Every structure is written in structure tokens, then in C-alpha cells.
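Consider the two complexes below, in which subunit A is the common component and subunit B and subunit C are the respective partners.
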Partner chain A sequence: MRDLLDVYVQQFKTTLAAQAQYRAALVIWIIGHIVDPVIYLVVWDTVARSSGGSVGTFTTGDFGAYFVLLMLVNHATFTWIMWEYEYRIRHGDLSFALLRPLHPIHADIADNVSFKLITFVFMLPIAAGLAIVFRATLPFIPGTWVVFVPALLFAFIVRFLMEWTLAMAAFWTTRVSAINQIYYVAALFLSGQVAPLSLMPFPIQVVATLLPFRWIISFPVELLPGRLTPGEALTGFAAQAVWLAIGLALLKIVWRAGVRQYSAVGS
Partner chain B sequence: MSTPTIHIHDLCKTYIVSEREAGVVAALQSLVRRHTEQVVAVDGLTFDVAPGEVVGFLGPNGAGKTTTLKMLSGLLHPTAGQVTVLGYVPWKREKEFLRQITLVMGQRNQLVWDIPAIDSYELNRAIYRIPTPDYRRTLDELTDLLELGPLLRKPVRNLSLGERMKCEIAAALLHRPQVLFLDEPTIGLDVTMQRRIRTFIAEYNGRYGAAVLLTSHYMADVEALCRRVIVIHHGKLLFDGELTDLVQSFSAHKTITVQLGDCGADLQSYGDVVTCEDGYVTLRVPKSETARVTERLLADLPIIDLTVEDPPIEEVIEHVFAQEVV
Partner chain C sequence: MTYLRLLYVFFRIGILGELAYRVNFLVQLFQSLLGLGTALAGLAVIFSHTQELGGWRQDELVTLVGVYLLVGGAINLVIQPSMERLIESVREGTLDFTLTKPEDAQLLVSAQAVQIWKLIDVVLGFGVLIVALIRLRAAVGAWQAAAFGVALLAGGAIVYSFWLILATCSFWFVRVENILVIFQSMYEAGRWPVSLYPPWLRFALTFIVPVAFATTVPAQALTGRLTGQTLSGAVALATVLLVGSRLFWRFGIRYYSGASA
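Our next item is the complex of A and B:
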């Protein structure tokens, strides 16, 4: 465990040093992650105002809190592994990772987390600014903050495992951009990014609950403002645990089959 | 005989590749119906490499050298046959196995492009779980042997090709592997840098007793480092033995160089004149004729000096590659 921690520390240092070289790219990523939720926030804020100040159980202040929180949770849990994987397989760059006595997922986790450590320095004040501008109302409930942290952590792990496993389709298809696009659209609707899931039609809510999308983004966002009952919160954690187990099993199976399929092209 | 470090028996690797004719129509047709073909990259290779042995692994482009190295280092699963390296089955990629081998690919980079090599080395230290004192000692040795001192703290992207290659080699050896798979480690480097890397490989082999399997298109690398060579072609074994035997087996000619007092003499009747300049004439003669031609030259002409040599190794290799596998 101490050895693995050493790897993570070194990987953090390496990624931080490499990321620091590309400040413009960092800024563009941050802007990209702000624009999407702000657009939806503006739309729903307008709809709420024109509907007498609320839509369903969401007031304009609730929408403000929801989309600002969503922006932060989405940023905390997002990965870019599908683009990376396609490149690695097409160019044979995965070979170096395979030669090392460590599963490549560790380097990717460390890489992802260190990127977030840098970008959150900018994301948090921006989120605070947006919360003020849109008059977000986020009630302070100490209990929900306590459960929010593990919910966010599980959301990150489940999303990482799922997207890493999906990215491995590149072992067979080489290009995974099309899969990535389908996944992105599904996630957009079913994870509460376009609208809070409680405002979606019932069939969509059912699908979102059965699939992992709700549990990787929407669940922590619903949890923090106290929108979930203790029973619903427990159900959420159980769903995260189930998807975590499924994600780990799939990762192991697909990785084993994928490496067997790997042809180490380009080198 | 000691247990071989590398043992392969009847090793095969077949790729399935899709093929199509050129043009847009063929591209669209391939969307519906894809033609695939089996390409046999390695076809029944068998050989052993002993501990500490340095072996040249030769063959023309597409012979199956890199595919074999990838199977030996665990990147590829063989289609058939047996392979063990240090007693491990490579494709299982056990951690203990990976800690004892390295694969250097001359055209590939493992160092992070944007940061100094020393930062990537620290990451390798952690990944390979190298104790810090060992890491420092090895890094000092590698820095000394490869003259890395001024390079380690510059971003990798700012290094020249040769400088980068030296840093890549050091990164691949920090964990002191017992088996080195070197795939064109000197490709694209100038002569001085090639020589330096060659010297380094010999030093590393001498110091740590590591087994080395080396592919290179530069015969100078092979001549300097490898007593034994394995030649493959179309995935099959063509020759496995001492480099000197390769020359004996595949060279049908000898080269006779004479220095003449009289530069005007025409030596076409003695053999093929390869070069003729500054009083030196180089002739190529059938090996079986060498003694007779030499005798005639010495009897007929005012010769100041005469040498008989095997043809250059490049020429022999070219001749070997032209052979069809039986």
C-alpha cells in the first residue's frame, strides 16, 4: 500500500509538472466545463421566472444551487480516458504501460486527480461567483455534507471504472469516438445534466435509476441540498455499491480479453 | 548447461489484417464486406539464449523480429508455441517478470515529453519499487556511462534525438533488468552516438551479466556486440550461430585488395574489379578461387601489398536476406 501511495505521489508530481506547461489548455478545459451547466441554468432560470418563480419543486434559487453543484460534481468525476485510449491503441503507446509492473489504471487515476487538483483552484471561486449571480439557495445541513463526500467519491470511482472499461472497446474497434459520443449523449440526459431528473418524464427517471448515470453525477447533487430522504440516500449508496462491483468485475474481464487482443501496432 | 534465460520453441504469431483495393468504391464496399487475410509474422521459431549472452537478432524489414520481441516481453500473445523468459511465461505479465526485463524501442518514447527526464525516472523508481539507495547508485552509474549529467534537468522535448535516446535507455534500465530486448536502439543516431550506445550496452552486459537480444540494421552494432546472431526471414529461422560462421556460410566471395606499383594494369581477368583508386584495386573473387587468383596476382604483377578479406558484413547480410527459407 505504501508503495502504491509512492506511485500516486510521483504520478501527481509528474502530471502537475506536465499540466503546468499547458496553461491555455487548462483554461479551455475549465471554460468548457462551465459553459454547459451555465447554459442549462440560464434556460431553467428563465423558465422558472416565466412560470411564477418555480418549476416543480425547484425555485430559481434551487436551480442556481443545482446547476452550480452539478458543474462541480461533473468536473470532479469526468474523465477523458476514451480519447486517450483511442490514441494509445492506434499508436501503440499502451505498450510502455503494459511493460510496467503496475496496472495502467493507477497512472490514469493519479493523472485525473492531479488535473482536478489544479483546476479546482479555479473552479471553486467561479462556482461561488455563479452562485452569487444566480442567487443560489443551498441550505446548510451538516448531515448531508457528511454523506456528500462518500457519495462524490463513489461517483468518481464508478464513473472512472465505467469509462475506463468502455474505452477498452478500442482494443477491438481501435476508434472509440463513436461509442464516446453515444455515451456522452446518454449521460447528458440520464445523469441530470440537462434538467434535474425529478423534472424528467417518469419513464426517463426509471431508466436513469436502473442505469449507472444517475449515481455518477445526479445523486451527490440531489443529496447535498437535502432533496433525498434517508431511505432514498441509502438506496443511492446501495446502487453505487452495486455499480462499483459491476464496474470492477467488467474492468477485470474486459482488460484480460483486451490485452489478449492487443496487437501493439505502430512500434 | 545452465537454464536458458530465453527459451522459445516452435513459436508462431499470426495476425488477421483487413485488406481492400485502393479507391473510394473499395472503401465503401469494405464497410459492408471486409476482406481479411491471415499474415504469418512468426512461423515456428525455436532458439535459446543463455544468461549473460548478447545475441544479434537479424532479418529484413517485416521478417518478424519486432513481433518476436513483443511476444518475449509479454506485449503479444503467441498464436502457438512455447516461450519462457527467466522461467516466466511472458504474456502472463507477472510483476516479478516485468521487474526483470526491459524493452527499448528505438522509435518510441516512454519519457513524459514536457518535463525533465529526472522526473520520469522518479516515477519509474516508484513503479518498479526500487529502493532509494539502489536507485541513486544506478542513476549515478547510468549518468556516468551515458554522460547524462547536463541532460537530466532539461524538458525532454528540448533534447536532440540522440540525447533523448540516451535518456530513454537510462529510463529503461533504472530497475537493472536481467534481460534487455533492444529493438533498433541506435536508429537515426549519428555515428558517435551509435558508438557510445554500443559501448554502453557492452558495459551494462559486462557489469550486470544481463542477457541481450538486439535487433539493428546497423551491422556495426552487431559486429561490436554480438558473437552470436540469429537470422530470421518471413518469420522463419534462417541461421543461428556465430557471426563468423554466418560470413563463412553465406559469403560466396572474398575481397582481395592489392596495392600496385604500376597503376595502369587491367585486373578484370583476375576477378570483378570493385574499386580502383590511388593505386589500390579491390577485386571480388569466388571463395574457391581465392588462393589461385592470389598466386597469379603475385606472380604476374608488381605488387607492393596484398590483403585477402571476407566481404563486409552488410554485403553478407544482404546475401543472406536474399535467400529463400527452405
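Our next item is the complex of A and C:
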């Protein structure tokens, strides 16, 4: 355990230094993550104002808070591994990672976290600015802040495991862009990015509850403003726990099969 | 005439190059259809809660989706790949070979790369447009059709000039392609009428990243919202930018000295 901690600390240092060099990539991801929620916020804000100030249980201020929070949670939990893995395998970079005595996922986690340590310096003031511009109203309920932290943490871990597992599709095919797009479209609708799930048609809500997407993005966003009853919140944590177990198991199985499949180019 | 022939040759090379990878056609077709489905499903969700959005009815916004696909497809078909190659060739010094050719260099660099499968988006966009217009039972008169054509050309010219100006900056700065990626993510905003956005954002989407002229204005023409003032504004801006980007390009070329010189 101590060794693992040392590895993480070292990886943090390395990637912080590396990422400070690729500032343009930081800006690109930040802008990409702002544009989408702002567009849907503008759309729903327009709908709410034209129908007397609210849609369902959402007032214009609620929409503001919802989409700004969604932006932050989505950014906090996102990974870029599904694009990178194919490159790693095609260029044989994975071979080096395999030589290390540690599972390569640890380096990726450290990478991801240090990336966000930098980006959140910019994301938070931007979020605050958007919240002011769109007059977001967030009721302050101390209890929900306490449960928000573990919900976000679990969301991050489950999403990381899932996307890392999906990224391993690159072991078998080089056309991952189609797979990635399917995943992102599903996430768009099932994790509350197009609209809060409670405004979605009922069948979609059912599917969203059964699949992991809701629990990796939308759950913390619904939790913080106190939109969930204690029972619903517990169900959410249970769902996160179940998907965590499934994610871990799948990761292990697919990784084992994938590495067996892998042969570096040129071998 | 020579220009048209040259364009034809570039397209032919693009097609021949891609025909070796025919599965790419199916992958692109799948991804384009998925993108279209996403856009339409998003509209369906929103219009299950409202009758109109900022004064636009659902089928009118479908028209906008059609224009969005059409213009986005055209950008990705030739403008984006050509400009990316231009930036790359400035960095690697291969632009020298282009400059020694006995044709106008701006034309050569503007059509040098073609991602032929992006034609699917263009065709799909056109199809969506027609279906939406039929559903609207819109009597598109000769005037409106002409206005649409002019608005589309002006929008295309504005986007092209914008990309050319940015790509020309690569004579001085090495990492311009990042700005182009940012344009791509801002283009998303063009799927909705710019009148929806708050004033500061509308300003940015009109003049800083000219998405408004590429999608909203042509869609306005088809749905009978376009004023003569906007159209003449778009044409004027297109003319200014075309001339301006041409001048800037020639100024940049004079500065360019080859990678090893």
C-alpha cells in the first residue's frame, strides 16, 4: 500500500510537469466541456421562460444550477482513455507499460487526477461566472453536501473503470471511433446531459436507471440540490456499488484476454 | 475553367485514395446516421415540453439541423482537411513544393485534401432539409430558394476565409491547429438558432467564431425569417473576409521562408 502511494506521488509529479507543457490540450478540453452544457442550458432556459418560468419541477434558476453542476461533475469524472488506447496499441506504447511491475491503470488514474487539478483552477471560476450570468439558484442543504462527496468519488471510479474497460476494445479492432460514438450518444441521453432525467420520457428513465450512465454523471448532480429522497439516494449508492463490482470484474477479465491478444507491432 | 478542372482532379484523387478503404464508408455512414439521430432525438425531448423554441417550431429546427449537417459536411469535406494539411506542410517545409507549382497557391492549398466520405453528411443534410420543408408544407418560392443559395454561399465563404486566416497564422505560430479544434467544438452551437443565446454569446458566435452565418442565416432564409438587411450584411461580410483573407495569405506567403532556409 505504501509502495502504491509512492508510485502515485511520483506519477503526479511527472504528469503535472508534462501537462503544464501541453497547455493547448487543456484549453481544448475545457472549452469542449463548457460548450455543450451551456448550449443545453440556453435551450432549457428558453423553454422554461416561454412556458411561464418552469418545466416540470425545474425553474430557470434550477436549470442554471443543474447544468453548471453537470458541467463540473462531467468534467470531474471524464476520461480520455477511449481515444488514447487505440493509439497506444497501434504504436506499441503499451509494451513499455507492460514491462512495469504495476498495472497500467494506476498511471492513468494519476494522470487523470493531476490533469483535473490543473483544469479545475479554470473550471471553477468559469462555473461561478456562468452561475451568475444564468441566475442559478442552488438551495443550500448541508446534508446533501456531505453525501455529494462520496457520490462524486464513486462516480469517478466507476466511470474510470468502465471507460478503461471499453477502451480495451482497441485490442481487437482499430475502428474504435464508432464504438466511442455509440458510448457518447448513450451517455448524452442516459446521464442527463440533454435534459434532466426527470424530464425524459418514462421508458428512457427506466433504461437510465438500469444502466450505469446515470450513476456516473447525473446522480451527484441530482443529489446536491436535494432533488432525491433519502431512499432514492440510497438506491443510487447501491447502484454505484453494484456497478463498481461489475466494473472491477469486467476490467480484470477483459484485461487478461486483451493482453493475451496483444502483440506489439513488429514482433 | 482551369480552377474547376483542378478541383475536379483533387476530388478524383481523394476518391481514388479512399476507395481502397471501403469499410470507412460504412463506418462514416453509421456515424453520420447516429449523429443525425442524436440531433433529432434531442429535438424530440425538448419539444415534448414546449410548442416552440425561441419562435421556431420543431420542423423549422429540423431544417436548421439539415443546414448544420450540410455546412458541417462541406467544411469537413475539403476546408478542414486542406487547412490542416497546410499547417502541417508549413511546419514540415513541404509547402515549398506547392509554391513552386505554376498555379495559384491559395487555390492549391485550399483543395489539396478531400475527406470524401464526408459527402455523406452533405447528402444527409440535404435530405433532412427537403423532408423538413415538405413537412412544413413550406412553399419555398424562387426568391427564398435564391436567398438560401446566396446565404449558404456567403456562409461558406465566411467560414472558409476564417479558416484560411487562422491557417495562415501558422507562418508565425507553430501550434495553430489547436485553435481549429476549438472552432470545431464551437460549431456545435450552430445547431440552434443564434437568437436563442444571450447577447454576449450571440456576438461571439457571429463575429469571433462565425457560426451564425454558416447555419442560422441560411435556415432563416428557408423559413421566411431572413430580412434583406441580414442577407446583404452576410454578403458584405463574406466579400470583406474573402478579400481580407486573400491579402493576409499573400502577406503571409511573403513572410514564409521555407523550413530549412
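Everything that follows uses one rule, which is that the second predicted complex is superposed on the first by the 264 of 267 C-alpha atoms of A that agree within 3 Å, B and C clash if a C-alpha of one lies under 4 Å from a C-alpha of the other, contacts with A are read in each partner's own complex, and residues count from 1 in each chain.
Going forward, contacts are C-beta pairs under 8 Å (C-beta built on N, C-alpha and C of every residue); 3 or more make two chains touch, one makes a residue touch a chain.
Computed from a predicted model, the values in this text were never measured in an experiment.
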TODO: Kindly classify A:Val206 by the partners it touches after superposition: subunit B alone (first), subunit C alone (second), both, or neither?
DONE: neither
Open item on the list: In the overlaid three-chain picture, which partner chain does A:Asp36 touch, first (subunit B) or second (subunit C), both, or neither?
Closed with: second
TODO: Would you check which partner chain A:Arg100 touches, where first means subunit B only, second means subunit C only, and both and neither mean what they say?
DONE: first
- [ ] Go through the superposed model and pick first if A:Ala245 touches only subunit B, second if only subunit C, both, or neither.
- [x] neither
Task: subunit B versus subunit C as contact partner of A:Val7, first or second or both or neither - done: first
TODO: State whether A:Ala128 touches subunit B only (first), subunit C only (second), both chains, or neither.
DONE: neither
Open item on the list: Per the contact definition in the header, classify A:Ile253: touching subunit B only (first), subunit C only (second), both, or neither.
Closed with: neither
- [ ] Sort out for me which residues of subunit A touch subunit C in the complex.
- [x] 24-25, 27-28, 31-32, 35-36, 38-39, 42-44, 46-47, 50-51, 55-56, 133, 175, 177-178, 181-182, 185, 188-189, 194-195, 199-201
Task: Touching residues on subunit C, where the partner in the complex is subunit A - done: 23, 27, 30-31, 34-35, 37-38, 41-42, 45-46, 48-50, 52-54, 175, 178, 181-182, 185-186, 188-189, 191-192, 196-198, 201
Task: Residue numbers on subunit A that touch subunit B, as the complex places them - done: 3, 6-7, 9-11, 13-14, 17-18, 21-22, 92-93, 95-96, 98-102, 259-260, 262-264, 267
- [ ] Provide the residue numbers of subunit B that touch subunit A in the complex, in ascending order.
- [x] 15, 66, 70, 73-77, 91, 93, 95-96, 98-99, 101-103, 105, 107-108, 110, 112-115, 119-120, 122-123, 125-129, 155
